[in-house]
Amino acid sequence: MGNTFGRVFRVTTAGESHGPAYVGIVDGVPPGLELSEEDLQPDLDRRRPGQSKITTPRSEADTAEILSGVFEGRTTGTPVAILIRNRDARSKDYEELRDKYRPGHADFTFDQKFGFRDHRGGGRSSARETSVRVAAGAIAKKILLQRYGTQIVGWVSQVGDVQTAVDDPATVTQEQVEATPVRCPDPDAAARMIALIEEIRKDRDSIGGIAQVCAHPVPAGLGEPVFDKLKADLAKALLSLPAVLGFEYGAGFAAAAARGSENNDAFIPAEDGVRTRTNRHGGMLGGISSGMPIVLRCAVKPTSSIPREQDTVTRSGEPATIATKGRHDPCLLPRFVPMAEAMVALVLVDHALRQEMRS
Amino acid sequence: MGNTFGRVFRVTTAGESHGPAYVGIVDGVPPGLELSEEDLQPDLDRRRPGQSKITTPRSEADTAEILSGVFEGRTTGTPVAILIRNRDARSKDYEELRDKYRPGHADFTFDQKFGFRDHRGGGRSSARETSVRVAAGAIAKKILLQRYGTQIVGWVSQVGDVQTAVDDPATVTQEQVEATPVRCPDPDAAARMIALIEEIRKDRDSIGGIAQVCAHPVPAGLGEPVFDKLKADLAKALLSLPAVLGFEYGAGFAAAAARGSENNDAFIPAEDGVRTRTNRHGGMLGGISSGMPIVLRCAVKPTSSIPREQDTVTRSGEPATIATKGRHDPCLLPRFVPMAEAMVALVLVDHALRQEMRS
Amino acid sequence: MGNTFGRVFRVTTAGESHGPAYVGIVDGVPPGLELSEEDLQPDLDRRRPGQSKITTPRSEADTAEILSGVFEGRTTGTPVAILIRNRDARSKDYEELRDKYRPGHADFTFDQKFGFRDHRGGGRSSARETSVRVAAGAIAKKILLQRYGTQIVGWVSQVGDVQTAVDDPATVTQEQVEATPVRCPDPDAAARMIALIEEIRKDRDSIGGIAQVCAHPVPAGLGEPVFDKLKADLAKALLSLPAVLGFEYGAGFAAAAARGSENNDAFIPAEDGVRTRTNRHGGMLGGISSGMPIVLRCAVKPTSSIPREQDTVTRSGEPATIATKGRHDPCLLPRFVPMAEAMVALVLVDHALRQEMRS
Amino acid sequence: MGNTFGRVFRVTTAGESHGPAYVGIVDGVPPGLELSEEDLQPDLDRRRPGQSKITTPRSEADTAEILSGVFEGRTTGTPVAILIRNRDARSKDYEELRDKYRPGHADFTFDQKFGFRDHRGGGRSSARETSVRVAAGAIAKKILLQRYGTQIVGWVSQVGDVQTAVDDPATVTQEQVEATPVRCPDPDAAARMIALIEEIRKDRDSIGGIAQVCAHPVPAGLGEPVFDKLKADLAKALLSLPAVLGFEYGAGFAAAAARGSENNDAFIPAEDGVRTRTNRHGGMLGGISSGMPIVLRCAVKPTSSIPREQDTVTRSGEPATIATKGRHDPCLLPRFVPMAEAMVALVLVDHALRQEMRS
């Protein structure tokens, strides 16, 4: 269970890291949207391994084939199926994992849950699964852009102790982000992040970081009052990504130390209605979008797979050591950005379509 | 939409702050559980207003009536309906809100979403809605305790700049938490938090904070590999509560600055199987419970309702000022604790029942 | 589980025949609809027991109280909770059922499913549960009427061997139906049905029948191509009612003996677009509404509760006999009509709201 | 929407008749089941076109490829993705359908719903979509057989005016059914059915019929008391298949003319507990399985595509005539049998897994 996301724009995925292919079925795509594989590939390329010197050398083209739901270049309103074949799977690298649990990975918990597991490359728990989400997210992004002009831009704001702060998240462009392989729009910070990642790799270690996403403009009124608050569905969406340990939006954890008189955003008249003077509420009030930019941040842990020896146990409970072989990113953040954008897009389009029922 | 939570243990709520009553329907309660209103009341009392000098003086007994699903003292497997009547509603206090948007509240976004709103006490956006969740959570807690021995304990770990750190979250007891009205198990920190809240109240302001929850023991194997990761459903659950701006578990945002070699938790043999040497993973790996304590933290913003004058606009877009009347908590954290525990319980019982299908 | 119906217009119910009350939560009601208890009562009165000499003498006012979701006479877009208290419950009549299984009832299967049961009046399996559905259906009917002019009219077309056929189902009016207590719009057939029911009652027996429902006009385009075909959701809706053993629409089972050349409905131009010359397709093609009247029929079994002695077994498996006491309808059909209409309304409004997302 | 079926055993499908492929994702398959493509092929072969002289000559191998969820011959508990490529698609045969609505088909209603459509071979409305359901159903059948010994056998009980009645549905074997291409276990009736179908084909017409399905043994206790009654979910499942106009179980429509004293099935002690003397309740009481054989029947209309000229209209509303070219079955029933069995299997396994949560 749990392989479907969304209420009315629904993405269902299947596939394992070293199986034949990943498949996604996107149900709820409105009819009439121009769509082809070319719409999906740019974000898949941003997510795929081997894209730069600071990512894993596993080489996967991650080419998407659309199997249904498109006729003569336009969506028909029936589900869009996406197929991504696996190619460069070196299953032998993982033979040791049949019997040993990698620290920080899902090996042990999969065994506890299912009784056994496809150990090759993490099987279903591999982050390769997000390829289908990214493809589905590209469809969601296109709908949001066409209907509401919404842009969803993510970037890396922290790697280890290298941080950067953006004055106005709504002004960051994808061009700025894509200017460096680390996907940080601040060139100075980007250079330091890249240097740090290189150093970490040489040290046979890994490093964590923080990604930020801004969606803007987002129509006011998206999100439901109680359980399906927009912030709640965004939190679920982001935490459903591998390695994410935290989520905050607007003022986030910093609000814990704030007073109401400084944290509240005053409403002020605007040309086209109402806006707030500041945006400590990150574009959501009562779980519903306010029309201000939606701004959120995610904490991503350091890659669990490191080529150092670590203590662990075997399936039979014997002490052992393990040094991950395989091919891995020293820092997950650069490739995390398109995943995070995709999940934000899936949530927004789902709520936007829900809201269209009301008007 | 969006008024139902859970996949197989499902809670549906209805009700507004100043309407006749709140109602909850809890579907999926296993048959044979001893249950009466007395099981629900203790947590409702911990959540209700007017319980101490540092909470709002609104006086609601929050007495739950069970209308169905229980026969001769035991659940029947059919849905349990819970009714909580509203009593001390002073709707007149809110007349000004018909036309003015309170900063930090959902007034504006409700209007954007629905076209109009029940302005009395925030209507559906009032945190009074959580009363039904707390009652449902009490059922969930009882199931978890009986079946797995699971204890779910929440507490306040920060108010403004007063922080406390707990050495081992799994050792905090509800007795320690309930020893002070601020629900902080560290008596020194509790005293300073209470003093700070008193000072804030006198200053006609409000203050934010952080709550922590630990669930232990939790059987390994709960949570689904992809979208319905346990961490994702917990994040959604907590962010679905009013005023929550952030969520983290285990190492959380601190992991951003960590290296893999220091963040990974080594597996070690244990008496009854396998455990990890440390618990930076907060009891979840790959989104599935590991058997280690589940530890999470939530950032809660300062109460948006403050008796100071704030800038805002009217429904017609005219500039205005507003000073919240009504009766409000200067700090939401003490009453937030039982809400957070309830949401954690709802997620855990839902996933525990899902997992029972597999074994 | 299974106490919620609908995808975007969702009804969740709780309650037992001899418990304190029935509760329904209707989520997805669009905001701005004028609504009060007076909208719900007429259909509740048509369903309630004791309404005529050919129904059970159990006397329940079935008065609905709206607890939420309505403000100043209009729906707010938040869930509408409905409370119906039980009053005339004679639980003592059912004491024998603690230990004996009534033939044709759910006593045995509830025990098999849940391990024990609330035996009083059938507990959750009682048809009294449909009272909440009828109230929710009244809301659905009002939305359909206001938005699309849709009328949903049901009637009894067969009781035992007394049948009636209607030339054009779309012309039957509720006035014709309500003209007799048996809810058959053909006065001659109605008289014979009533006589038959009286005779059956005197014979301490019960009798089955068939109900028909027509919804018209229904906008073309409702229903989904594959699993959520409109006909599929209607079939589920009707079969979810107690005592229904069969469902057919359009030509129904008679189509089994027909040829394509006689069964196909030719398309012809119409003033406002396209219609079909005949309506053997019952208003649905490919599971999607065609704009022609939706016409369906349900087979309802004879009341299982009869005051004759019948063979059965006890909980411990011993042979026994049972003669149902309690108070029961000799024929379920007259009170079945509003239930069937309600379920049709719930399905149509759910699909109508889904379709509004597309346009 | 509406391309997913089931609550905990969930099938999601995508694909069009003349697109590249059909895809199905089966979520909720328990881990540890031996599974390969060879388990799926037999039922796919029973469904595929071109299997006998009384079916359509379109030649599709309908070969299924499993893309995920199986590791070293056993299911892993993660979703099983199934791919079926289309091969013998003669899209040119359908060029005329761009502009003309075929009577009895979904062409017109798709246009009304989506604004336009993939007209080739009916696009998403083609019965080829059921190939994926049949493959998923084969997995469900295997689980049911292994866990409960359940056999699901379907057959043709009526074609046109040729009927057959089976004394005890639970004794019909798949061998008897597969003995003739018409899938009727009564050899005499089968011969007459085949002759009738041949005659109908020569007459350039089509003919309807009735299929019956029996599942046995089915554990008592499956199905939920209210909306998700087992009979309701079966009705939805069967009506979600193309061309089905009616559903009944047990006594079905015949119960309308019956008295309670003759329709009730008496309970009697049995070796392993309790059974009923007769089975007019078709194995379900109160919507929950009783342990008696589940017996149901479906009415299937005559194939809408006939090579005779029929009146219709064009997309612009002009009168026209159409004679279906393409390649079609003169009678849908023989190939309908595996589809019906698959849907019954999907419902039963979903409810069986749900019930395992309770025990």
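Per-chain numbering from 1; labels A, B, C and D assigned in written order.
Convention: a contact is a pair of C-beta atoms (placed from the backbone, for glycine too) under 8 Å apart; a residue touches a chain by one contact, two chains touch by 3 or more.
Note that the structure is a prediction, hence the values are computed from the model and not measured.
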Pair joined by the larger number of C-beta contacts - C-D, A-D: C-D
Most remote chain, CA-based centroid, reference being chain C: A
Cα-centroid distance, chain A relative to chain D, in whole angstrom: 39
Interchain centroid distance [CA atoms averaged], chain C/chain D, Å: 26
Sites on chain A at which at least two other chains make contact: 1-4, 8, 13, 31, 77-78, 113-114, 124, 225, 354, 358
Touch list for chain D against partner chain A, complex: 1-4, 8, 10, 12-16, 19-23, 25, 27-28, 31-32, 65, 67-69, 71, 74, 76-81, 83, 113-118, 123-124
Interface residues, chain A side, partner chain C - complex: 8, 30-31, 77-78, 225, 353-354, 356-358
Sites on chain B touched by chain A in the complex: 1-5, 7, 13, 101, 103-106, 108-110, 112-114, 124-125, 129, 158, 160-161, 200, 205-210, 220-229, 231-240, 242, 244-261, 263-269, 273-274, 276-277, 281-282, 284-291, 299-306, 308, 310-313, 317-319, 354-355, 358
